[in-house]
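First chain written, first letter: the chains are A, B, C and D, and each begins at residue 1.
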Amino acid sequence: MPIDVDALVMSNDRLSATYNVLELAAPEVAAAARPGQFVMVKQNLAAAPLLRRPFSVFEVLRDERGDPVGLSILNKRIGIVTDALYALEPGQRLRCLGPLGRAFSLSSPPGEAWMVAGGVGLAPFATLAEALRAAQVPATLFYGGRSSEDLVYEDWFRQRGVRVRLTTEDGSRGESGLVTGPLEQALGTAATPPTIYACGPTPMMRAVAALAHEHGSPSEVSLEPVMGCGLGGCYSCVVRIRGGRLVRSCLHGPVFAGDRIDWDALAGAA
Amino acid sequence: MSAVDLAVSCGPLRLKNPLVAASGCFGYGVEYADVVDLSALGAVAVKGLFLEEREGHAPPRIVETPSGMLNAIGLQGVGVRRFVDEMLPQLRAREAVTIVNICGTTVDEYAELARILSDAPGVAALELNISCPNIKAGGTTFGCSLHGLTDVVSAVRRATALPVIPKLTPNVTDVAAFARAAEEAGADAVSLVNTFLAMAIDIETRRPRLSNVMGGLSGPAIRPIAVRMVYECRQAIDIPIMGMGGVMTADDVVEFLIAGADAVQVGTANFVDPFVWPRLLEGLTAYLARHGHHAVSDIVGAVDLPEPAAARTTPESGAR
Amino acid sequence: MSAVDLAVSCGPLRLKNPLVAASGCFGYGVEYADVVDLSALGAVAVKGLFLEEREGHAPPRIVETPSGMLNAIGLQGVGVRRFVDEMLPQLRAREAVTIVNICGTTVDEYAELARILSDAPGVAALELNISCPNIKAGGTTFGCSLHGLTDVVSAVRRATALPVIPKLTPNVTDVAAFARAAEEAGADAVSLVNTFLAMAIDIETRRPRLSNVMGGLSGPAIRPIAVRMVYECRQAIDIPIMGMGGVMTADDVVEFLIAGADAVQVGTANFVDPFVWPRLLEGLTAYLARHGHHAVSDIVGAVDLPEPAAARTTPESGAR
Amino acid sequence: MPIDVDALVMSNDRLSATYNVLELAAPEVAAAARPGQFVMVKQNLAAAPLLRRPFSVFEVLRDERGDPVGLSILNKRIGIVTDALYALEPGQRLRCLGPLGRAFSLSSPPGEAWMVAGGVGLAPFATLAEALRAAQVPATLFYGGRSSEDLVYEDWFRQRGVRVRLTTEDGSRGESGLVTGPLEQALGTAATPPTIYACGPTPMMRAVAALAHEHGSPSEVSLEPVMGCGLGGCYSCVVRIRGGRLVRSCLHGPVFAGDRIDWDALAGAA
């Protein structure tokens, strides 16, 4: 049951000219959030722009006793609201409605979990990494970006026992090329098919889902359509699934089994 | 404040308060059951229903505009039977007063929908969405043709004993004429406004921002036009009016009531703040109490016209 | 960027760029001579003129609304003779391309205004404001009646050799039909949109916020509806279109051009920022250069329709 | 010739829960401003609300060499923008278009100048007081408010040699009653008729204009109609003058001779 909190901004860590991490004092939302779920945020109910914007719950922030005190969101600037979130200062407030949507389904040991992130697609994987660790599932993060500036927070994952493989298209960091390169290579040599989780640009997720399918790995992708409400009320967020039906990704997603998505339709919509 | 009674009646329809969730902005109601006490609303107008399941338009289906949004959902929906079997029981269990918004491509479809829903337990009223896509009557939608409107309303009137509420489109020259036609055809009330036909273009790709090219404008941007239309209809008809268009706050609710609405529907605001309902109810109650009113009806249509102006309230008089 | 030529032609009217100050939002032009280089604008459409001096409505005449404003000025004006004697010479001295916006209460008044202005040196074109108050033709304004529009345009056409540009009201069911009627009656171009008839009520006093009760909505709020109407008219007529409605930035100018406008008028933005003009011109030039265009006409009407949707671009298809 | 400056907020002095003084770095506007002129302000061209708001130039701020470095505005909270101006912090910016409108006409010695202010109607008189002082015109300020919180900055005037007479309706400060009380009394005993300047609520200005007329004093009032543009473009700000014509108060005002106003019409418009 989602709630709406007028959350205090506890900190704004600007990682680069385009990425920042906002820490929000929304303990109840954080406590209820499961890996892959999202929140709908808006700066001030009365202010423009009109509609809220969806953001994955990035970290669940805890006090020394381990109790949730808030959550963070990893923000990438692409327009009006993401620019405003980049400019937010501690002490200001952000309305935060959540947790919303369908979470990742956790794989269980001994099977491995591989997370594949493209740029800001890293966002849903911090909470997933924590959950995998708690379930003692060996985890790897394949993390790609256009260039080194698009790669943030990798140490955070390493510190939590996640193996990290970096790629950049311009080769400025890690292996050069697309994130699917190392993934395919690794899949080829994997003893048992890992569970694969992907979030990033649609073509990337499509490629990952296809690779997973080829190698007999189950896959889950987290989609990012435009969302008007996040609660199933507006029917703006539909994606076509295999078999032809259009389903609301705020309710039946944002996490879907890679095999369920009609990727041709999704490509057309973007 | 306890002295204030928010109950209103829209013709045969008794509502515990004048606030109604607008069709298409509240799913089938059940989606909001976790965040909103459905029984606390005057009524819930569910998403537009056709006889059959409908897929709707391809995404992108919405785009934001200054103080508003465009949508072209295309009336994706489960069809009336699944609604009756799956959603209606849940709405009854939540004690929601359910208004079913129906759409057809022919007059007979509207009548058929009316018959089916008349037999379904838990339907409080029918709202006729006569400005849907692909509904042609003499080259224009039912909603834009007086004959089309009359035909649909009369047919539904004959087919059901439920309260019949045609929903008027604002995309016409003289909305009051359509309200009159609805009244004469036997409507119990009218609701207005539906969305304004609009368009937005991505200047980089030069593509329309909606897959359907055009969509409907809703939200605060349209409120002043909607208030004008409710006011015009109030002068033209005697049956109740459900007013809507850009309501975000209790003050907006009061403005529509004063303009002449007996009840007020709230659409886009649900997306911005699903918890808006308690605030609207408290704000309305506080306003009535502050002004010493005990009933909502005390302020319905209570516009105080400056004398000299009274003569100038014809549709022409505002334009430059 | 220097390779970009901003010149456009609206029928017989050649403009050095497509940006035109909208009538009633720029006084008689002379008021802005200190802050805006009038000769740098494509043209200036001056405040609506009647034959005689007019007092207009009592204040309050404007009220702000979400992303827009209502106005009911009531066409206060100096009358055509004082305009010709006092303002026109100043406009000529400033090398402003002057479009005179004329209003009448009868067809003959429009014709008479056209004759007077045809003899006045320095008038580039006539814009016919056919949505003024108190102009009745068969019970509605000229602007809301196809016959009324045809009568006015034909009469003015006969009375003058100047370019004739009827300005269409958006308060109609099918604006494209009015554009066609204007074309058939001999108009050289059409301009649209005028303001949307609207109303706002002060909930504390319950008085309308405008002395005239109703007024016209302008500003960003209406842009998506205006863009849709320009697009519809572009499909319907071959004569040039001057598009307007809520233009605040160069991106908005480009959106109207892509929708099908040959020139773009800017109204309310003058109130927000009288220095908007250089920014609009620079922004438009930069856009054209970035996209490798050398002329504005390259992007006029250049909407890129997704194929499946092309079939669905009828006025109905957007509404819910 | 007015200009538009995106002025830095140098300080915001909150005098009470409703009044504050904003210091704006707009030297060119300040240098050109004459007593009684105003500016049209807006926080951010793109942000809501849409239209600018008119404010009198309160003080012209000068450096030690006496050169203008900016101007201040005296703000009273009554709605959206005035609330926002109250909340502004130093370092933020405010678009400031001006100077605009017709200024007060200066009386010359030996004649006296009496300024009559109601509440925030004090705003145009700081610059006038400076000008009168420079012209060596003896000046008195009759300053009334509902209660003591409505009376601000009186010392500022005293320090500049202005005689100050305070009134409050609730008697919490100065004489109790309306500002017109002491004014009428003083006019009765005045040797030669002073020039009278008034700014405040319409009924007050009307009463002052009437008293001035009675006692053979010339009067000027500064009106505050709703203004859409401030430049003569929109015709929203008209006031009816004697003889019946409606004139734009942003061009032909805001300062008018008290005798020129059709006070009945103005009362009706409010």
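Going forward, contacts are C-beta pairs under 8 Å (C-beta built on N, C-alpha and C of every residue); 3 or more make two chains touch, one makes a residue touch a chain.
A quick note: this is a predicted structure, and the numbers were derived from the prediction, not measured.
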item	value
Intercentroid distance (Cα basis), chain C paired with chain A, Å	48
Gap in Å, rounded to a whole number, between the CA centres of chain D and chain A	56
For chain B paired with chain C, centre-to-centre distance based on mean C-alpha positions, whole Å	32
Contacts with two or more other chains, residues of chain B listed in rising order	24, 58, 66-68, 71, 73, 211, 219-220
Touching two or more other chains - residues of chain D	48
Chain contact topology (line, ring, star, complete or other)	ring
Every chain pair in contact, whichever chains are involved	A-B, A-D, B-C, C-D
Residues of chain C touching chain D in the complex	24-27, 31-32, 34-35, 47, 55-56, 58-64, 66-69, 71, 73, 76, 211, 219-220, 248, 268, 270-275
Of all residues in chain D, those that touch chain A in their complex	47-48
Interface residues, chain A side, partner chain B - complex	1-2, 4, 42, 45-46, 48-52, 97, 225-226, 228-229, 231-239, 245-246, 251, 265, 268-269
Chain C residues within the chain B interface of the complex	23-24, 48, 58, 65-68, 70-73, 75, 129, 131-136, 140-141, 143-144, 169, 171-174, 194-201, 203, 205-208, 210-217, 219-225, 227-228, 231, 246, 251, 254-255, 258-259, 287, 299, 302-306, 308-309, 312-313, 315-320
